[in-house]
Amino acid sequence: MIEILDDHPREECAVTGIYGHPEAANMAYLNLYALQHRGQESSGITTSNGKKIHSEVGMGLVSDIFNKDRLSRLQGHIAIGHNRYSTAGHSNIENAQPLTVVTANQTISLAHNGNLINGIELRNDLEKNGSIFRTTTDSEAILHLIAKSKEEEIENSIIEALRMLKGAFALTIMTHDKLFGIRDPNGFRPLVLGKVTGSKGEIAWVMCSETCALDLMDAEFVREVEPGEMVVIGKNGLESYKPFPKTSVTQCIFEFIYFARPDSFLFGHNAYTIRKQLGAELAKESGIDADLVVPVPDSGLAAALGYSNESGIPLEMGLVRNHYVGRTFIEPQQSIRHFGVKIKLNPIKNYLVGKKVVVIDDSIVRGTTSNKIVEMIRTAGAKEVHMKISSPPITNPCFFGIDMPSKKELIASTKSPDQIKDILEVDSLSYLSIEGLLKCVSPNEDEYCIACFNGEYPIPVEQAQNQLNLFKNLSISEHRG
Amino acid sequence: MIEILDDHPREECAVTGIYGHPEAANMAYLNLYALQHRGQESSGITTSNGKKIHSEVGMGLVSDIFNKDRLSRLQGHIAIGHNRYSTAGHSNIENAQPLTVVTANQTISLAHNGNLINGIELRNDLEKNGSIFRTTTDSEAILHLIAKSKEEEIENSIIEALRMLKGAFALTIMTHDKLFGIRDPNGFRPLVLGKVTGSKGEIAWVMCSETCALDLMDAEFVREVEPGEMVVIGKNGLESYKPFPKTSVTQCIFEFIYFARPDSFLFGHNAYTIRKQLGAELAKESGIDADLVVPVPDSGLAAALGYSNESGIPLEMGLVRNHYVGRTFIEPQQSIRHFGVKIKLNPIKNYLVGKKVVVIDDSIVRGTTSNKIVEMIRTAGAKEVHMKISSPPITNPCFFGIDMPSKKELIASTKSPDQIKDILEVDSLSYLSIEGLLKCVSPNEDEYCIACFNGEYPIPVEQAQNQLNLFKNLSISEHRG
Amino acid sequence: MIEILDDHPREECAVTGIYGHPEAANMAYLNLYALQHRGQESSGITTSNGKKIHSEVGMGLVSDIFNKDRLSRLQGHIAIGHNRYSTAGHSNIENAQPLTVVTANQTISLAHNGNLINGIELRNDLEKNGSIFRTTTDSEAILHLIAKSKEEEIENSIIEALRMLKGAFALTIMTHDKLFGIRDPNGFRPLVLGKVTGSKGEIAWVMCSETCALDLMDAEFVREVEPGEMVVIGKNGLESYKPFPKTSVTQCIFEFIYFARPDSFLFGHNAYTIRKQLGAELAKESGIDADLVVPVPDSGLAAALGYSNESGIPLEMGLVRNHYVGRTFIEPQQSIRHFGVKIKLNPIKNYLVGKKVVVIDDSIVRGTTSNKIVEMIRTAGAKEVHMKISSPPITNPCFFGIDMPSKKELIASTKSPDQIKDILEVDSLSYLSIEGLLKCVSPNEDEYCIACFNGEYPIPVEQAQNQLNLFKNLSISEHRG
Amino acid sequence: MIEILDDHPREECAVTGIYGHPEAANMAYLNLYALQHRGQESSGITTSNGKKIHSEVGMGLVSDIFNKDRLSRLQGHIAIGHNRYSTAGHSNIENAQPLTVVTANQTISLAHNGNLINGIELRNDLEKNGSIFRTTTDSEAILHLIAKSKEEEIENSIIEALRMLKGAFALTIMTHDKLFGIRDPNGFRPLVLGKVTGSKGEIAWVMCSETCALDLMDAEFVREVEPGEMVVIGKNGLESYKPFPKTSVTQCIFEFIYFARPDSFLFGHNAYTIRKQLGAELAKESGIDADLVVPVPDSGLAAALGYSNESGIPLEMGLVRNHYVGRTFIEPQQSIRHFGVKIKLNPIKNYLVGKKVVVIDDSIVRGTTSNKIVEMIRTAGAKEVHMKISSPPITNPCFFGIDMPSKKELIASTKSPDQIKDILEVDSLSYLSIEGLLKCVSPNEDEYCIACFNGEYPIPVEQAQNQLNLFKNLSISEHRG
């Protein structure tokens, strides 16, 4: 078995929450289906009918986990849901979310997109006071903190817990009668608010990671949950809290570059539009004489279209993608050229023979896939291969919810673009500049976290640097099922 | 689907623990295999190689859950294991044991046979102090209490926790480097100690619910873990603690009547021998003129043999059992006489036609199955049917680890033997007397709990009466997998 | 993985057929459930509603294969069913029965218990004429022969085919509107006829391998299908054909010794009764002074009861069986005494220590299990072990539907009882004599095939000797599913 | 459950064959993986090591069916493979291919892409002569014909059988020592020949449906198997036979329009290139003033690029596809606008609001999906919607291997383009003309079958018209597994 090559960073999660819908579980299912690109490892839904809470959680894709039986067990008008991607070592059903626990006052279920940088510290403090842990996720600590709070109102218990968190967290939380949607004060991860108006004028509320999930369920986009906001929805309708001290907003710019579905609007923009602009800006910054522009499908398609429009060089779908690629593949013993990448992509030779080719992708992480793609295009007969990347070099790992390799595995952290050009064996290599990037996403640059490009983390990350390893060494190793 | 009729009370669990064996997981697997009769719903094994702990837990029979892959992941020389039976409502993988948690000092895994009567009270106290629960078992509270202890030594933390428990508990607990075996001070549930001597004289220790598990793994029976004893096995060998105040010993007499495998020795006796004596005593107390003695297979076989020997009435296997009966069955729409019981049992008519038949079984709980068996024997042509039960009428439910129906469902709690005789439509019905029962198991009657027959619970059970319902209403309802 | 030791020959199949029942599939399911002991490898049901035929076939036990969905797809008032055991090499879903094929005139489905000795010869002839085969069963040839017939009436086509068969065959065959039940002229394998009378007097017919299947479905036993008879049931009721030339009847005596469920009546007798008589006869022939009689459970139980009654030596259940044994088991690396047999059986030591023990079993095939049982009883402390077998030495393999090892693997084919006694390390070994055996089953000895004891095959088996190997070499090797 | 809306015709199969490769099964696996778009319902591989043939067949996707275990059982240097799509009624494992049978002379395995128009006739003739059928595929008849042949050489037996077939068939057939690749004389379905040269110069041969499968396994494209050619590969290398009388070549033009993967070369052309030309031709024929060109992803992408290039109207990816769509989906009870299509597609509103939009797709079959796509684009705010189809109106069903609805379900068979325009509620609707289509694919129009557009079937199809229904009524209905 080999894993199918993909050199993209990986989003860790999607979250959703529904309140006031007669088919809340079905709506959560639709949302998770639309947000499958944010996590393909596990998926879960918790619902409440106002009295009883029930949860269904499984490993795999949304469409494989939820059959009629499982959905029919999810009764009620409140739901939260979660899609998860995680690193191999801790890929087990115990870590899958939503996490549901019984506390003194009530049952609470939680779905978390993001990453706490003080997760290990919180965990150590809790354990010293006798708390026991069943998962190796930092999300479990949030539930412990809520349970520990002596506040009487659940709103206040949650606020007390939230104030102890550092890092990235877009959360949906539910009790038997309330739904909470929370974005950390930096606003790292997206969370949008929508509503569905029923045939009799009754309103159901939705909070989810991206607007594409609103579209599938026919919900109207209302607004984004703001950085540092806690939205509470209950019998008395929607209330907004701002429990955090004011801080600067630093939304994740990589949502635009790669993660978000092209049709989603988030952080005030449409992802596809931004991607085309990045491509156009790239053409302005590093235009070159060439015969055709070829996107790496599908991640480079929008930028390639922008590049082609701006440069006048025709776009050709010179690399074709196999749409039936799964997560693993059984490798033959005999070596085959460019094998790992060929499972996914195949060049159309007659477009490439003797041509000067501009290849467009959104980013380079380790450089492993880019390398094989370039080789493949050369083998197909291209005269020149010019690689253009619609974002700056990634020099630093993310601690705010994106799974990237360690700093030393990031090719641009130790190599200059010139060196990378030599490694990839391309005729030229151009990245988009940080300035070019910011010009596309905002007139006002300080609205985004661009730490992966410039190392300036909005929150100090010394703790975080080693906590990832600590989590990997946690000693619960369990296989249930 | 119908459930296959069985009117026996159900044991809730088997536990095992192994220390110092190079194939500890395989030995735990053998033990659980031999103890499958004590729980068929879920099974699990946790092992430690001295550093890392790993757990494999699944739903179903031992032979279905553990394949080579799962066993090969269970590395190490220490293991604990658990078979579980549970009531339908909470039959889920989250509740399956061993339960493994991370605490401040170490990872702890626990397997529990029995039932705490202060489980809900402990849980409420813990939740008030911020503990969160992931299962609906009372066993999880024990782990919380251990985690809360400020003692430095794990022995002392466990002792501090144990002293807060009321009820029935035979436990095996392990940390990365130690194995604990504990019986509550009343000694409700059995736990035996054995050892295996390796080819070089090295000793591996075993603690498990019944001796039949020692036999399968070729272990030598050493002694029973005593009521109120905690055996600790670690690098320095075996140590014994007696952490509880002295109390009277009240071992569960139903282990002899029905639960234990006939080949097991426990509470100082062999189960098969006791059962034959119960049958012989029954013949003495209520002998009757009859043509043949027919056991309800297999639960009444040993008592029937004792009855036949004592009375001189020949034994005949006049009811034949289908050995391939599973837990459920798809029922035809058309009614079939005695259907539920006929799936399991079939009479041999030519032995019954025109005969006076003594039918022997070990106990009557609701009376539902007995009723159908009697009907079946009559339909087969018997002239007279005399039912003889090798234990007294069950008048009170158990709160110490046996799953029985509520008091009002117990036929003997509201009906006299004479009324039951009429309901079952037998020519006569005899139960063994309490005195007769005690004569067989002990010269000294106060060594056993006979509360199910006389209502004199060794520990006050007011709390316990409603706690079962409280547990059933606990609001975690989750399906993972 | 080791296979659980069992030294019994194996029956190859059970068959059933239902006509005129509104829940024909459910009735076939009940029958197969009751006949599970005759084959545990695969199971299938075919039904017809008078127009359309549908079949559901799977690997494993009846209760695992047939869920509500599968049964609900089996519509109609006619059904046939089959349980199969087969040797490892050809254990695949393609070979599972009923086999259903489309011919020029109609769809035909067939279930076969038995073994053709001219199977390979028929197959070769058919292939030479262009027939193609999808299974490696001899049963498929029967369908080809029916399809080849130029007769217009299906009755005549089947008769034409039947006349070409040599060997053992109890068949149920169905078309869209008729049910056929057939026993070969020697009557090797059993087939009984029963009926169910509905609430309005309507009659449904059943044909199945043993009467225990009639009992479960509340059917009345009518008679046995006679050797050489073809019973046809259709719109005009039941018709009987005798298509074969007269030959001597040679029913399989091993049905009594081991295969049939004790509660079944077949060949005019009840199996349990015969088994007790075999035990009593054994006591008469080779009585010995001893302390107790211990059956090998459950195969030796009835004979042990007969032996105990006749000899006056008390019966003790000194070997206890684990009721949860599956087909395979994961073996530890470390050797454990008597391991293979201990998974199934465990001795109760205090009954055996210092005793002269008579151990009763029904037969010895290879001797491998007997050996381990004797060792186990000796290790438990018995002073003397006397093995008594309630049938004669098996000296020749069966070619008429029982799966036995080859002649050279049969311990009694090359060793005298004295030599076997030494190999088993018993103090004495006695088999029942052929005369003693026949005395129990019939006043007239020539009604049974006793070829496995005396080598006198009722049909010449030269062909058969090598055909088993030929079938094993057939080149379809396929895994579907 | 609803099926995900897709209004495309469906290809029925992919075939492959490998000869002389040490990892033949792995190569077949790669081929089937690359050809997954031609059939997603079942998949199978048969291999031979020169002596023994083994087959593994399962339901679902290639990556789900073939694990390491199954591939490791497929030993040998010869392999054939098959991916199948089939209509619901006969979607069962028995019909999955390769089909393997035992004949008098040898075991034969066959994989078939296409459809026989005399399948029922052949089947009836065979059945009349006593052949029995196990599947409801027309492919099984081919095996019967081969088995019936009295020719001694397998080449001649196959040729004798082939000459009796009418219709579309691209076949790979294997015996224990030979591989056959065959295209019917009209050449309806594609089949290409490639080779892999090993490190020591040894050559392995491949025949498969499309060149994209050659690319993945690093094979060199040699040539297409010609219409009417039988290629035989054995110990003596490759031989070519032309067993059919000469007829006109009528290759399936729909392979270019929709089926073939864009990177494949077949019938002398590259599919992506043809598709762009169709789009350009469409722009020439029915150019219109508009703001943007939006493809229906991914089927309309290449044509839209051609249209955009030719017309100068900018291409926008205004419809975004969810890449994680499975075959079915659980529908909420509450109605959601455009639900069926929204699961797959979502518009990006800001590109469509107030715009004149040209929507490009490859074909319209029933019109059901197009309708919903248009509605969706209008709801998103488009001012005008102009639908352009890069092929002519489909007026007639296919009987040569493509699964289309019946004539009356084809919207263009009963409605004029004007009427369809009204039904779809578009501002304009244009199809490509037949002349325009032929101009793109060939200077010489009679090389293609365009019966679905003009009703001129290259082989009379009267028989075929009702045979599809006959196959659907065939009475084998079986579920194994």
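Going by the order they are written in, the chains are A, B, C and D; count residues from 1 in each one.
Heads up, the rule we're going with is that a contact is a pair of C-beta atoms (placed from the backbone, for glycine too) under 8 Å apart; a residue touches a chain by one contact, two chains touch by 3 or more.
Keep in mind that this is a model prediction, so the values were computed, not measured.
In terms of the stated touch criterion, subunit A and subunit D have no partners in common.
At the far end from subunit C, in terms of centres built from Cα atoms, lies A. The mean-CA centres of subunit A and subunit C are about 61 angstrom from one another, to the nearest whole unit. A separation of 36 Å divides the Cα centre of subunit B from that of subunit C. The centroid of the Cα atoms in subunit A and the matching centroid in subunit B are 49 Å apart.
The list of touching chain pairs reads A-B, A-D, B-C, C-D. Those residues of subunit A that touch subunit B in the complex are listed here as 52-59, 70, 73, 93-94, 96, 100-104, 106-107, 124, 127-128, 130-134, 143-144, 147-149, 176, 474-481. Across the interface of their complex, subunit A is touched by residues 1, 22-23, 26-27, 29-30, 33-34, 36-37, 40, 61-64, 66-68, 71, 212, 215-218, 261-263, 270, 272-273, 298, 301-302, 305, 309, 314-317, 320, 322-326, 328-330, 332-334, 336-337, 342-343, 346-348, 350-351 of subunit D.
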